[in-house]
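The following pair of complexes shares a single chain, chain A, combined with chain B in the former and chain C in the latter.
Up next is the complex of A and B:
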């Protein structure tokens, strides 16, 4: 119990510090905006450590952050192999194929208003479905290796991007389209110079949603059969043998990979849609 | 009619593509069987056989429909073979997770709107939490709760649902609670309204349209969470478990019927929220 009290004190102190930063002139600066969540995150980690050690929580329930960090450092090789298998081979290749496919289909649909009215409600509906359920079917079709994982990812990211792109392509004002017509711009000129740029905020919205879905799809598909590597494989086998420190290290890697992936897409978005009000 | 017709046409096209795809997907097995028996296969025979296999790689739509009829209509609801029974199990955790996620989401939104510190500390972590693939955590939540002595699977599944469900609610509610303009806030001040009164009479009602929009996303996410919670963890009840068992026993019809049932459940849940949304908004005088 002795360590739980310091944990409580630490919490109060950190909250006080954050309140001070948030209330000061630092709050609007970049440093302040980064410092506050970092202090919060570090405090949570410290309290986690203190509570786990103070209450003698079993390693089987919740390993302390230091133990997880140790595993992370010791098992870098394994973690890297898993990361390459799941994130680089499965998730990224599926993500790229799925995005390109959805984007091309969206462009094709866009030429026919009839098709658009028919596909948009269905796409919206499918985007809300638990598509992860098709993972076992696709693993059955494409085998255990990364191809089946990529296939699951393709299906999962397809509909959010399709729906967003179609919506984005419709997001030009009549005035703007008329202006293009007075320039006697062709379909392709209007598409390239007006409608595609205007659609980009929507497209990136879909791309950002799809980053998380891609990792989820690649990991779930591994629960249904995989070679003896991969993050999903490692998590399910380590849970089976109650090596929770290993599970938490894999979670840390997935969290990091997910955040970096999302961050990368956000950076590209900022570069492509610099003109949009939300970026200024 | 103008809006339904294109949807029906697209659905018909999907069904047609499905039927056409069934033939090449299942042909391998049929050809192998015929070769073993030393028979000549005519094309009509081949097509007929691919539509009617016990363990097809891709079942034909009518096979899935027959399996659905068998497990939904012809089986007693209480039986473990009934999809209604499994759907009910899934629905329960979905609703618990939905409720939990909504409460957590609204609670966090209120604290974020009222406390600058909470806003700056919590918001980035809430975003990061969504980049962690929940499926990575699902098996562990279930094992840990079992070690802690929590009986049954409803609680862990509900927690996973809530994890997926809280974020859209949080984001929309922050937007909604902040939606009253300075004019409206000033008006409340001239009434010398307390913080509580401003919250209950201005901010909360103003956030309702935002809330319902996010609830539609949230309930779909909650269902995804429950099914993900059932998939990797050796559950034996629920739609996700049917998919898992169908995979283990090599029974594609079971997987497909469970998938269709899950899709129907998702559609029904989202529609119910949509109906509640239009009722509530009408009553509150948000003209539509």
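Up next is the complex of A and C:
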């Protein structure tokens, strides 16, 4: 109980510190912008630690951060195997296949009004299907290994990429299209030199949304059958054996992987759409 | 007008079908533009001046009458890349540099690499934008962007230049400067220019002929030959000859207006 009081004091102190940083000349500098969230994050971890120890919270309800960190360090081997299985094999391959497929279908839809009227509503329909309904079916079709997880990811990322790309391809001004006509440019020339570049901000919007969906899809799909490795597998079995520190370690790895994945796509976006008002 | 006509319109009609009825954008427009002429189209909004230019460019299809460009249909002329078109907005692609934007039509038309570089340099020099090759459009002022868009239209050296209020959005000082430049460019290159404008002084200063149009339906109300010499310093705009032509255009515009309202 005694540790709860320092937790409260720490919270007030960190609050005061962050308010000072945000109000000072540091606020707009790079150091200032990094410092505020770092201070905030560390404070949350410290309070978590103090409250869990101070109130003697059961390890099953909430393990302390130091316990989780210990597990992270001890189980690096297992976590790496799980990460490879779920994130690298399942999520990334599904993401790449799903994005390429959605992008190609978007181009086909753009070329053919028939497909636009036929495929877009079906895409809508598929997007509305619950993942927990599709996942068991896909596991049934593609087996327990990562292939079925990639298939779930493909289904999940397909629609946001499709919709964003179709919308992006339509996002050119009449004047810009007229300009291409005065050059009597072909469909492909107009596509490559005008419409695809103009669509990129939209495409990247979809690509960013899809990063988080990919990880969620790959993890959840493992609940419905997987080999004895993988982040979703580990989470569901560790919950069963009450090894909550392991569950939290997997969650930490997921959060880190998701952030890095999102960050990587954002970097590419900045490089490709440097010209867009939101980037320059 | 004795030279071979580059642009010929005969009894041109164009009616747009819209949700609430049809709009007659052009009625019975007959006009010949000879090689090397600078013809301005002036009139209030909705008089069909832009529509006429778009018909000549093959961007709109007339519902009646006939248009010939270089003796062929506008569509064929478009496919032959017979004209460069300058729009109201510069419309440069933000992901391309200035040089990249000027290169765009050349890439589409399949010029060789060295030819492209030559031409980009030449036309950027012509519009006084040398040194800005690697800038992006948003780093340039509106006037510079419009100059780049003119360079883009000049890059493939079409004999006809169609300009739809290219200086409409610019302030008067920049506009005067660009008018002077355009006149010099026309003198050097001998291109045939169709130029849509709202401004009477601009029309008189630039053209060899001024076509006055009026709305509802869009039609030609007067065609005025401009007797001013080809060499035109900016202060020619204060001479009695200049003011006399401006006066006649104003009268034509007013007459056309009272007709409709």
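We adopt the following convention: the second predicted complex is superposed on the first by the 262 of 280 C-alpha atoms of A that agree within 3 Å, B and C clash if a C-alpha of one lies under 4 Å from a C-alpha of the other, contacts with A are read in each partner's own complex, and residues count from 1 in each chain.
One rule holds for everything that comes next: contacts are C-beta pairs under 8 Å (C-beta built on N, C-alpha and C of every residue); 3 or more make two chains touch, one makes a residue touch a chain.
Just so you know, these numbers come straight off a predicted model, no measurement behind them.
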Touching partner for A:64 - first (chain B), second (chain C), both, neither: neither
Partner chain(s) touched by A:92 [first = chain B, second = chain C, both, neither]: neither
Touching partner for A:276 - first (chain B), second (chain C), both, neither: second
Dominant contact partner of chain A by residue count, chain C or chain B: B
First, second, both or neither for A:157, with chain B first and chain C second: neither
Contacts of A:37 with chain B and chain C, given as first, second, both or neither: first
Touching partner for A:119 - first (chain B), second (chain C), both, neither: first
Contact set on chain A toward chain B in their complex: 15, 18-19, 21-23, 27, 32-33, 36-37, 39-41, 58, 60-62, 114-115, 117-119, 121-122, 125, 128-130, 132-137, 139-141, 211-212, 215-216, 219-220, 223-224, 231-232, 235-236, 239, 242, 244, 247-248, 250-251, 254-255, 258-259, 261-262
Contact footprint of chain A on chain B as seen in their complex: 3, 6-11, 14, 57, 116-117, 119-125, 128, 130-137, 139-140, 143-144, 147-148, 217, 220, 223-224, 227-228, 231-232, 239-240, 243-244, 246-247, 252, 255-256, 258-259, 262-263, 266-267, 270
Contact set on chain A toward chain C in their complex: 173, 175-176, 178-185, 189, 193-194, 197-198, 273-277, 280
Of all residues in chain C, those that touch chain A in their complex: 57-59, 78-79, 81, 83-85, 87-89, 91, 93-95, 104-105, 107-109, 136, 138
